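Next come the structures, one after another.
Two complexes come next, and they have one chain in common, subunit A, joined by subunit B in the first and subunit C in the second.
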Partner chain A sequence: MRSLPINANIVILAVLLACAGLASPYFWSVENIINLVRVASLIGIVAVGVNVVIILGGIDLSVGSVVALTGTLAASLWTLGVPLPVVLAVALLAAAVVGVVNGGLVAFLNFQPFVATLVTMTLFRGVGLVYSAGQPIYANYPPAINFLARGNVLGIPTPALLFIAIVLLTWYVMRFRAIGRMIYIVGSNESAAYFGGVSVWRVKMFAYIYCALLAGLAGLILTARMGSGEPGQAGILLELDAIAAVVIGGTALQGGKGSVWGALVGALVIGILSNLFNLLGVAPEWQNVSKGAVILIAVIIAGAGPMMSALTARRSTNGG
Partner chain B sequence: MARMRSLLLEQPIIFVLIALIAAFAVFADGFADASNISNVLRQTSMLGIVAIGMSIVVLTGGIDLSVGSVVALSTVLVAGLANSYPPIIGINVALVAGALIGFANGVLIAGLGLQPIIVTVSSMAMVRGLAMWISESRPIFGTLPKDLFLLFDGRFLGIPLPVFIFAALALCAMFFLGNTRTGRAIYEVGGNEEAASLAGIRVGATKVVAYTLCGFLASIAGIVLTARMQSGDGVRTGMGWELDAIAAVAVGGISLAGGRGHLIGAICGVLIIGLLANAFNLMGINPYWQRIVVGLVLAGAVIAYNERLRAWFSRARITAAPTPELPRADRAG
Partner chain C sequence: MAKSAGSQDTHATDARRERPGAFLTMAEISKSYPGVQALSRVALEVRPGEILSLVGENGAGKSTMMKVLAGAITPDGGEIRLDGRVIELSDTAAAHAHGISTIYQELMLIPHLSVLENIFLGMLLRNRWAALDWKAMRSKAAVIMAELGYHGSLDVHVGKLSVAKQQLVEIGKAMTRPCRLLIMDEPTAPLNRQEVEHFFEIVRKLQKAGTAIIFITHHLNEIFEVCDRVVVLRDGHLVGESEVADLTEARLVEMMLGKKLSLEKRDWDTKASADSGVVLQVDGLTTSALLKNVSFQLRRGEVLGLAGLMGSGRTEILRAIFGVDKPFSGAIRSQGRLAMFSGPSKALAGGIGLGPEDRKADGLVLSMPVRHNVTLSSLRRYSGLFALRRRAETAAVMDVCKRLQVKYSSTEVPVGKLSGGNQQKVILARLLDAKVDIFLLDEPTRGIDIGAKEAIFELIRELAAKGASVVIVSSVIEELIYVCDRIVCLNLGRVTGEQTREEFDVSSIMINVMGGQRDAHHQAEARI
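Right after this comes the complex of A and B.
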């Protein structure tokens, strides 16, 4: 009974996969699956980070801006002739800075996570735009960066491998490491965690920095794929897609519950939807409508599990 | 008078607004011109109307991300219907549509107990899709009647009509929140839902009213925007307005946890954001700096409204007397 919400979302995924195969014979072709996985991995990497923050009981709206900022930084540094390791380090460092600011605002200044990350979302989008004067920066990336987006290992696209590695790492951290367990505890009852001796501010810092770093990695993949850094356009509305993926995956926004597998399923659902829309040539207006509908249906189904068990529990106590 | 004084004390944002106006009047050439001021107010009034609705929803402890899409749908409905019917028909259809979308949000949130962010993200996507479908993803120009443009260009008693509408709606909303049973219930629901429910407040109905008003107000903003653009557009209009409105609300010291804050703060927040944009424009500052400054203003405002800091300040001031509960002017309307 406890795992019902996640099972429900796997059902959605299975139904979607079956329908996709029926709707378009091209869906199950190898090229298409690889293409789908590339798209889903990008949003999935971001969603895994947002998932961690949401389990903490927070939210992160700044991921889209982080994606834009790291991409812009990487592109501009590379065109300036900075060596590759420095480019990567600076880009990820910038992402970590956003995470530190998010975590600091939430943990020390008591900002509500929504407001704190709304601040950094606006602020760092602005920083990227001011830095590049609002212009996209075209970069002629070396093979090592291109490999991030377009390469593959044994036929599996690199972004997908990275995504799987991140899912496994996050699963391990959240399940077996102290910090991961503490994220769950803080998410379900912050003051209990505090009185139980959890260093709440450290846990919050960790979660926001982790989330920002993953968004930074997604930013690197995206800039490699586009061959440019887009300060204004990259990552717009990505935060909402990531939150949608997390919620479709069955993680409750109240915090304290959920698992990384949910984010995986959610990212796949969103990836399959957009892939299918492209295959079928669905007009963008209906893409919007059905995306909204899927989110709504997923939360209603995810909510139906606990609601049913609450109802049956009440009935049994009444009867007994 | 005492009420006025405590309102000013509780709303430091008013001083920030006055200080900003004074600074811009000195440093930005042409800022203090009557025409410029009335122009800024006209441009900000639409986001202001959206922010009124957002404030009401945020006060219940909720959030509405669908307002930008409702604005877009409203422009499409007004412009689309104005081609074949008198404009009043389109305006009424837009108002009804906005209220219905808000009502649906409210029912899903209150009735099914779903999270406001999720429900309104999904209606944001769906309503945007609807607006694009109706307009076939193209701007609707057509033959809009000149009377419609008066909504933006017209004046009433010398005040630009959009500003007049904004001010009238703001006053109505302040009266509603401060002096009506439902308005007070909105504060109670946002402050402590369980206590409100035990005190006999119909929590669900209150939330539905709040979301319905929010959708309704967003569609009014869309109608004024149609008059301004002299066209309807389902694809681009209202993009990001939900976050701008939330930023204004938060700048104004309305707590996103619900139950605390005053509408006057949100209105100052909208004006600050609008004035910043205008002054930056006049001073020839790169518009991208705007975002950075808005982000900093938002952070500064939240720090200024921080409970702990304010409690610390008031304790520092009143040392002798035992400190009772701070007078909650925000709750007294």
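Right after this comes the complex of A and C.
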């Protein structure tokens, strides 16, 4: 819970970086690294939120739709001439609403998190499409928004800075705030949390809203990068990339365990993979095949320890 | 199990030794699990057409005995003879083949299959083309179920039937095979009075047809109403056997309890007296499921025991006070004010804490450190402006753990690594740290060895001496007698007796808890 995941996933990251450098001489060029970091940051911001929900013992499939919805809203409101602060506030509020619905379905109506967020994933993707009549909305954003996606501070791209800030914020919340402790406790044993007087519903609401807000922020970065709101295309399958990043990072899907550093590493691994495929000109259909294979290998290596102990434990109980 | 190479001679001598009529004999049956001798050289005889009751306290070995006969477990030693021949009950199929059927408390039915399908599950009839012969099965099932007094449809899903009807299906399932011995574990527990009566009719019918029945129950009146003979187990030993006709309730309870008071009687320094203030008043508490008009008081500095068996409503009372279950009617007052809490967080804020029955599932987060578990209910106190005040938290945890003498290597060790007794102390530490003054402890000594038990009891007395009030739920009456100032007896969701320390008498408490004759009238009401 508190140690950096020095073990398997860092090794995977290092091996991947080394191989990438060998495979393409262009990989370590400044432009490419900046490009890579932009992609990885977007996945990473979403993955950090999903990581929190998974530590809680839940899952969030709706993040991709939140990305599309906030981007569409922002683009549309901006083209309608709404002032910038209002645009940002409404977009993030919309994200928070999805979080409230997710949390409410799970905490009060006892939906399985998978089902609840499957519902909101479909529903809010649809809401964005209905709102924009299915068409992308092109927006001529002001410099302030463009800065979100394309700007840099001292040569470090803004998305990367945001990502680092969010990793640090999440680390702080999960490690030093009471709510973070409660998320781990509910994820480990919800019943014990309840009998111990924890307001389980509040903890769940917090986690789902936090996750949705981060997805909303990612949505703003993406719409800024593209200069448009894409209700149908933005964030497609992003939820699965985010979950893959979390899993590669070593967070257990049954909840109660994991750290934000794992999500950081996982997002970098996913980012490097897609970057490398583009550099090497791997055909899109083969990209998915290789990505799946790499995730499989990463999970096997990351899970090698626990898996082995589970196997030996089973063997010894069988023997006894 | 012993080798089945008995010669003709030993058969003959055994046959002479057997009492006339016994078709099944068990001899020298032993079974041990790591740390527990569940059965130790137990012998049993079963005669055709008799109703035999197997009684004993929790952990006496009744279930193990039943599982041996069901072929679910293999004993370490001893032999079972059927009609004088040694048999091996290596699995449930072997037991079935010998005409022994077992109905567990948890019915083994598949809710989404029909009555008919459930009855023939595991022994489907086939016609000469090897296809399923539903026609034959249907007509056979119709005869069996009519015999059992079930007149509903055979095609309805079992999950939609009442528990009583499901039980009939379970019996019907046993009747599809030639059944010489039917074993049932607490079959009457989920039934109401009328259903129990119907159930007894059926049992007597089976008896007349020559089927022997072994029947586990905790209810004295049922033993005296329907059984022919009683066999008493205690700590894995057979301690008594008698015809019901020669038996009194008091004698039966005496056999069950034995003289095994392993805890020395002690005189605690008691603060509570009749004029100490009432801190908790429960009036006419009724829940739709179980509790019927339960009332009692808890005084400041008092240790109150709720004695009851499983299904007596003991846990439900604590859950209702703690705000987990909504009472149907009745009132709970704490310090004179109405205290109907909407959930555990409110109850804890109101100064009432619960140590749940299932320590591992509901009490502790086993994978997390001692520190996190102790401050689980009081974390808000350690929340600083920017961060949890970890140093203050650790100091408080070490302080309270020292006070309770928790043995742990560090506050950061996962609580799952501690012994059962120390885990229970961590729960007490949490309640102390949450500053509750009413402790509700559900089976606080379950699965804890005797030394640790005494330590827990001493802590409980110490809490009481400092002005806390404690309610302890337990099915082990000796322990309640050891630690409590007063004991309230529960049976089937009703209060059936109350004794103060000077009046404590283990047998009469046991009779009250088991719904003995004295309260037969009461109990008949409770069933309806």
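Here is the rule we use: the second predicted complex is superposed on the first by the 300 of 320 C-alpha atoms of A that agree within 3 Å, B and C clash if a C-alpha of one lies under 4 Å from a C-alpha of the other, contacts with A are read in each partner's own complex, and residues count from 1 in each chain.
We adopt the following convention: contacts are C-beta pairs under 8 Å (C-beta built on N, C-alpha and C of every residue); 3 or more make two chains touch, one makes a residue touch a chain.
Bear in mind the structure is a predicted one, so any value in this text is a computation, not a measurement.
In the superposition on chain A, the chain among subunit B and subunit C reaching more residues of subunit A is B. Shared-chain residue A:Phe176: touches subunit C; no touch with subunit B.
Look at A:Gly196: by the touch rule set out above, it reaches subunit C but stays clear of subunit B. After overlaying the two complexes on the shared chain, residue contacts for A:Thr79 are found with neither subunit B nor subunit C.
Of the two partner chains, neither subunit B nor subunit C is touched by A:Asn35. Once the two complexes are laid over each other on the shared chain, residue contacts for A:Leu296 go to subunit B alone; subunit C is not touched.
On subunit A, the surface touched by subunit B in one complex and the surface touched by subunit C in the other have no residue in common. Those residues of subunit A lying in contact with subunit B across their complex are 59, 61, 105, 109-112, 114-115, 118-127, 129-130, 133-134, 240, 243-244, 247, 252-254, 283-293, 295-296, 299-300, 303. Subunit B makes touch with subunit A in their complex at residues 63, 65, 108, 112-115, 117-119, 121-130, 132-133, 137, 234, 243, 246-247, 250, 255-257, 286, 288-296, 298-299, 302-303, 306-308.
Note for the complex: subunit A touches subunit C at residues 172, 176-178, 181-182, 184-185, 188-189, 191-199, 256-257.
On the side of subunit C, the complex with subunit A involves touching residues 324, 343-345, 347-349, 354, 356, 361-368, 372, 376-377, 379-380, 382-383, 386-388, 430, 434.
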